[in-house]
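Once you scroll down, you'll see the structures, which are given as structure tokens.
In the two complexes below, chain A is the common chain; its partner is chain B in one and chain C in the other.
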Partner chain A sequence: MLPFLIRSLEAAMIFTFAGLGELVDQRSGILNVGLEGIMLFGATLGFIAAKTTGNYFIGFMVGLGIGAALGLLHGFFSISLGVDQVVSGMGIWIFGFGMTTYIGNPYTGPLGLDKLPTILGVSPFFYLAVIMVVLVWFVLSKTGLGLQIRSVGERPSVAQVSGISVTRIRYMSVIFGGMMSGFAGAVYALYYNPVWNYNFLMGWGFISLALVFFSMWNPYILFGGAVLFGLLWQLALNPQMFFPGLASRYIWRMVPFIMTILVLVLISSKWFRSRWGATKPEALGQPYHKE
Partner chain B sequence: MTLGGYEFRLQRRATLPGWKAALFSILAVLFGLALFSIIFLQAGQNPVEIYKQIFSYAFLNSYGVRLTISRFIFLALASYAFIIPAQAGLWNIGMPGQLYLGALASFGVVYLMGGKTGEMTASQPVIILLMLTAAMLAAGLFGAIAGFLKGKWGVNEIVVTMMLNFIAFYFVAFMIKDGGPFMNLGGRGESFELPEAARAPMTGGFPITLWIVFILMVMLQVLFSRMGLGYQIRAFGKSPAAARYAGIKPFMIAVLVFSLGGAIAGLSGYHYFAAVPGVYKIARTYGYFGDLAFYGVICGLISLGNPVATLPVALLFGGLSIGGRYAQGKLHLGFGVDYALMGVLMISLVAFQFFYNYQILITKKEKKLDVAISD
Partner chain C sequence: MFRTKKKNGDIELHGDIWKHIQPGEVVLDAQGITKRYPGGVLANDHIDFKIKAGEIHAILGENGAGKTTLMSILFGLLQPDEGEIYVRGLKVRFRSPEDAIKMGIGMVHQHRKLVPAHTVLENILLGHPKSRGVLKLKEVEDEVMALAERYGFEIDPRARVWQLTEGEKQVAEIVKALYRGAKILILDEPTSALTPLETDRLLESIETMTQDALGVVPFITHKLPVVLSISEKVTILRKGRVVDRLNTAETTEQILAQRMVGRPVIFNLQKQPIEPGEPVIQVEELSAKNNKGVMALNKVSFTVREGEILGVAGVAGNGQHELAETLFGLREAKGGRILFRGQDITQASVLDRWKLGMGYTPSERTEVGSIPDFSLVENVTMNYYFDNRYNHRGFLDYGGLRKLTEQVIDEFDVATPGPDVPIRTLSGGNLQKVILGRVLSRHPKLVIANLPAQGLDVGATEFVQRKLLEARSQKAAVILISEDLDEVLSLSDWIAPMYEGEIVDMIPAEKAQKDTIGAMIAGLHQERGS
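The block that comes next holds the complex of A and B.
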């Protein structure tokens, strides 16, 4: 039972990292649906870097770096070039999926490094995720920077006349979002599931995206959702713990994906939507053109 | 911005003439191919030479051409599955899931008729028709889930279709692995092989699915340029709010486009697993084939949703991906050259979106003269 819970929390930390980045991104008005692609890149390049150098630290740095670069790319497309944000995000996802399949294939197999140490049985990244949740909440709701990010996501033209550079804040946010996704990917590949395989991220990027919608852009709710999904995921992988002999393992594998859809339906319900609509960043997904 | 006495200004385009859109699409592909040559350079090869080989294998070699046509059929169907919802402003990235369901349903027909154990007696035309119908129905219904949720509650269709892909992926695994009903009797984790009578007939050396592609092209062209329904779909895609005032029902549109898209994706699943010579089964590696359907996103975006323009694009990408596989084997490149190509083409296309939306105005800057007015 205890290993089950620990594994669930460790899955949750990955959803949390990716989701927090996307949350800040969206708070500034930029939607990045390509976070699966960034995570795949962070996971694959981080994995290769750590495997070839034998150094975990380099692997995580590579994950952060490629994440920042792809965040910047999304920013360049959607902020500077004015490309539709969904098109750009989809582009980054397909780019990541296609490229990492090719780049990672020669490295198929286990990482082959000693497993990273734990604190009280749980990965230190879990504690880092908790700290990041508090930190993102604090910055967004208690600091001037957070106010700037939120105002840019609500009313960019008003923010602009009050002296905030919309472009600068949005670039900062997408780069942060990219770094977090790239890092989440690296944590996945270097700690949670250190065996490279074709498309081994299994749509976790899309699930993180769904969690951001679910969170109503609140880091604490996001974290709660991440823990819920971590539990579900472990249940789907180990159904024999609770439901021995009931249904094939492949049927259980469908459960987290079905649950994601149900969660999306739930947050689209009238009750939720009246709250959701109030918290949704007003300018989400709209490119801003300086007058 | 001024540079050397000229002023550069960005202006948002109101309209884009068709020939310009075509030009930008061609440039985007060329740029993508140029970018992709980095992979060949890295392998120590001359890109021009490799592209020559890729094209001559894909379009001139008799064996290669057959593979190209087969891939073309698959990509064209996957593109149509993407285009129909895209015309309504909705994103269908659920082609892999829909095509798995289509393949499963057509194999299900054969299974129910005793094809797995060799007791099938029905005549070939009946079986083929039933398989095609089942593929379209099952995949259409599966696709309709996303449309229903979108139309009814506004649930994000991108995440939903992606989740449905994984659900369908594991459903296939359940059916063909670990003693599932469709499992090969030899137990190799793949489906039973289709008996002779259940394989798609060939006409002129190509499977009948090729004709389905052309029929669909005509039907979609008529739908989008001649019919009120097609107009409603496009109007909804341009402005959902305005369309609502015009009496267009969003729910109906969402369900319809996803059912149609799903049904066509189902045909691409039928094609890959029941009409390609030498396959005729759901292979263990079905996931690789399914994910190639994402090429449909690129074909659809590059051809700007035009059903006729989609076909040459699908043919080009089909040839490139087949030729890429060939080059991969010949140069001992890693697995997945065709996936990498897909990624590079996509990102190049996104960069070129800029030119669809903006034009750069260059004007000579007038010198301002300071002339004192005196009389």
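The block that comes next holds the complex of A and C.
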């Protein structure tokens, strides 16, 4: 039972890293559906770097770096060129899927390094994830930078006349989002599942993306959702443990997505909106052109 | 991507520029401002403009006279091709609004520049130097409240902007500009969304600002009486040039309008006496909800007869919009019924209503009233596609529709290169003429005109109003929804002031008084002891 919970929390921390990055990204108005691709890149290149150098630190740095680069790429397409953000994101996913399969294939197999240490049985990254949640919440709701990010995501034209560079804030956010996803991928490949295999991420990027919508763009709810999704994922690996004979693991894996859709239906309902106002950043997914 | 702004000398000097300001001193001096748009249109042609500390100096002009361009140049949204701007004698160049703000220029936009999801305080802080690092909300709130009190503004800093009325949003924008340290305040159509009461209050606040040696520059298209009551001086623009500079004490509404339009304008439209005929529409206890799901129209009843104009007066958001949409079937009636020439049409479709002889001109001209990328012919077709004269078993008679469009262009004096250009190329006034023209050319028995003259210049306004009176002369019933009391009073046979979803009273035109109706739409009628 305890290992089950620990594994769930460790899955949650990876969802949290990637989800937090995407949350900041979307708060600034940029939708990046290519999360899975960036995570795959972070995981694969981080894995290869750590395996060839024998150094974990280099592996994580490579994950952060490739994440930042892909974030920048998505930013270039969606901010500077004004391309449809879904198309750009999808491109990054397909690119990541193909490229990492090609690059990673020769490295198929286990990492072969000593396992990273734990604190109270849980990975130190879990504590880092909790700190990041509080940090992102604090920056978004209590600081001037956060106000700028949120304004750019709601009404970029208003931010612009208030003297804020929409381009700069959006680039910052999209690069931050990329770094967090790349890092999440590296943590996955170097700690959670240190065995490279074809498509070994199994859609975790999409779960993290769904998580952002589930969270209604609130970092605390995002963390709660990450833990919930982590538990559901572990359950999906071994449903017999709790519900003998009840549906296959593939059915269980859909549960996070079904829950996300239910949340989306809820927050789009008239009832919810008349009570709580719109929670979705108003300018999400819309390119901004200076007047 | 990451453009770093190189700060040149004159802009960094801003710190002390506003010290020791004397009333009467020239604070802003624009000389020879010229702006040419691609295609050779001269939007501003050597405009000179000066404002002194403590002065209210209105800029008046029709749509297309170059007001917006001038305003954008003064606020750094556009760069002039020629000309210089001096602030307190210092030559400046504004590359962005930020530069202008730093030099003490504040702007209150007609289309509000506020983030609806944020609180008033967050909006005020946005872009303010105090928003660096961790936000000091409490401190800023106290300062904002003190500022608001100084100028007599009522403001709730913690309210979210989407919950505010238009008037409250404007107050938030003014306070934002003042808190940012504006010494010259540009106001774009400051009174267009306000009730008479709110207008009076704004004028008082502006008085206080001039005592503090602020320069105030309202830009105005219509509402000429406001120009006279608000400002000491007025500069009139026409076709990109300054045509006149006047002291308002020495001028009249008539003169202003004439200079602005370039020809005499008839202010009191001649309303022919008409004997009203049969009832066209009877509305009984009609109710409807708004988009937020709240009851916005509450048991409204009235009757309009042939040859009558019913003027529905009120401030935006008091149910007039819901009334118009429910009458035309665009919104579900939650109670009551609508009789059109005796027939119950409460559940009838929009298409049925068109065919029965109803017509609607929406207030959202580019979202609901037209399809911007479609040609004039296609847009006119939107009101005719179901008409047997032009629809032969599913085949549209485009030849006939083109002729029809040409007639509309002709009769409604639409300025356009031809009927085949996309309708988005037309100016606001011409677009509205097409929208009104295609409805009136059907000779409808009932016209619902939702804010027909909103945002139009004096010339187009007069035209639209005259056309509505013509429809009345031809025995049509007209429901005129308007936020402009003068318009309602001059056109209507009956006036229905609305407040919070209810019609406060039905007043015949002979007995209508502006101040009484002004109080009614502001919700003060009960306090006057009825």
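FYI, the second predicted complex is superposed on the first by the 255 of 291 C-alpha atoms of A that agree within 3 Å, B and C clash if a C-alpha of one lies under 4 Å from a C-alpha of the other, contacts with A are read in each partner's own complex, and residues count from 1 in each chain.
One rule holds in what follows: contacts are C-beta pairs under 8 Å (C-beta built on N, C-alpha and C of every residue); 3 or more make two chains touch, one makes a residue touch a chain.
Note that the structure is predicted; figures quoted are calculated from it, not measured.
Visitor: Contacts for A:Met202 in the overlay, against chain B (first) and chain C (second): which applies, first, second, both or neither?
Guide: first
Visitor: Quick one: chain B or chain C, who's touching more of chain A?
Guide: Ranking chain B and chain C by residues of chain A touched puts B first.
Visitor: After the superposition on A, what does A:Ile251 contact: first (chain B), second (chain C), both or neither?
Guide: first
Visitor: Identify the partner contact of A:Ser162: answer first if only chain B is touched, second if only chain C is, both if each is, neither if none is.
Guide: second
Visitor: Between chain B and chain C, whom does A:Val33 touch in the aligned arrangement: first, second, both, or neither?
Guide: In the superposed model, A:Val33 contacts chain B only, not chain C.
Visitor: Go through chain A and flag every residue that touches chain B in one model and chain C in the other.
Guide: 273
Visitor: Please output the residues of chain B touching chain A within their complex, sorted ascending.
Guide: Per the touch definition, chain B meets chain A at residues 12, 39, 91, 93, 149, 153-156, 158-160, 162-167, 170-171, 173-174, 177-178, 180, 287-288, 291, 294, 297-298, 301, 334-337, 339-344, 346-347, 349-351, 353-354, 357-358.
Visitor: Once bound in the complex, which stretches of chain A touch chain B?
Guide: 33, 36, 77, 81-84, 86-88, 90-92, 94-99, 101-103, 105-106, 198-199, 202-203, 206-207, 209-210, 213, 248-251, 253-254, 257-258, 260-261, 264-265, 268-269, 273, 289
Visitor: Within the complex, which stretch of chain A touches chain C?
Guide: Residues 76, 79-80, 142-144, 147-148, 150-151, 154-155, 157-165, 167-168, 171, 270-271, 273-274, 277-278, 282, 291.
Visitor: With touch defined as at the start, can you tell me which chain C residues reach chain A in the complex?
Guide: 1-3, 75, 77, 96-98, 101, 107, 109, 113-118, 122-123, 125-127, 130-135, 160, 162, 292-294
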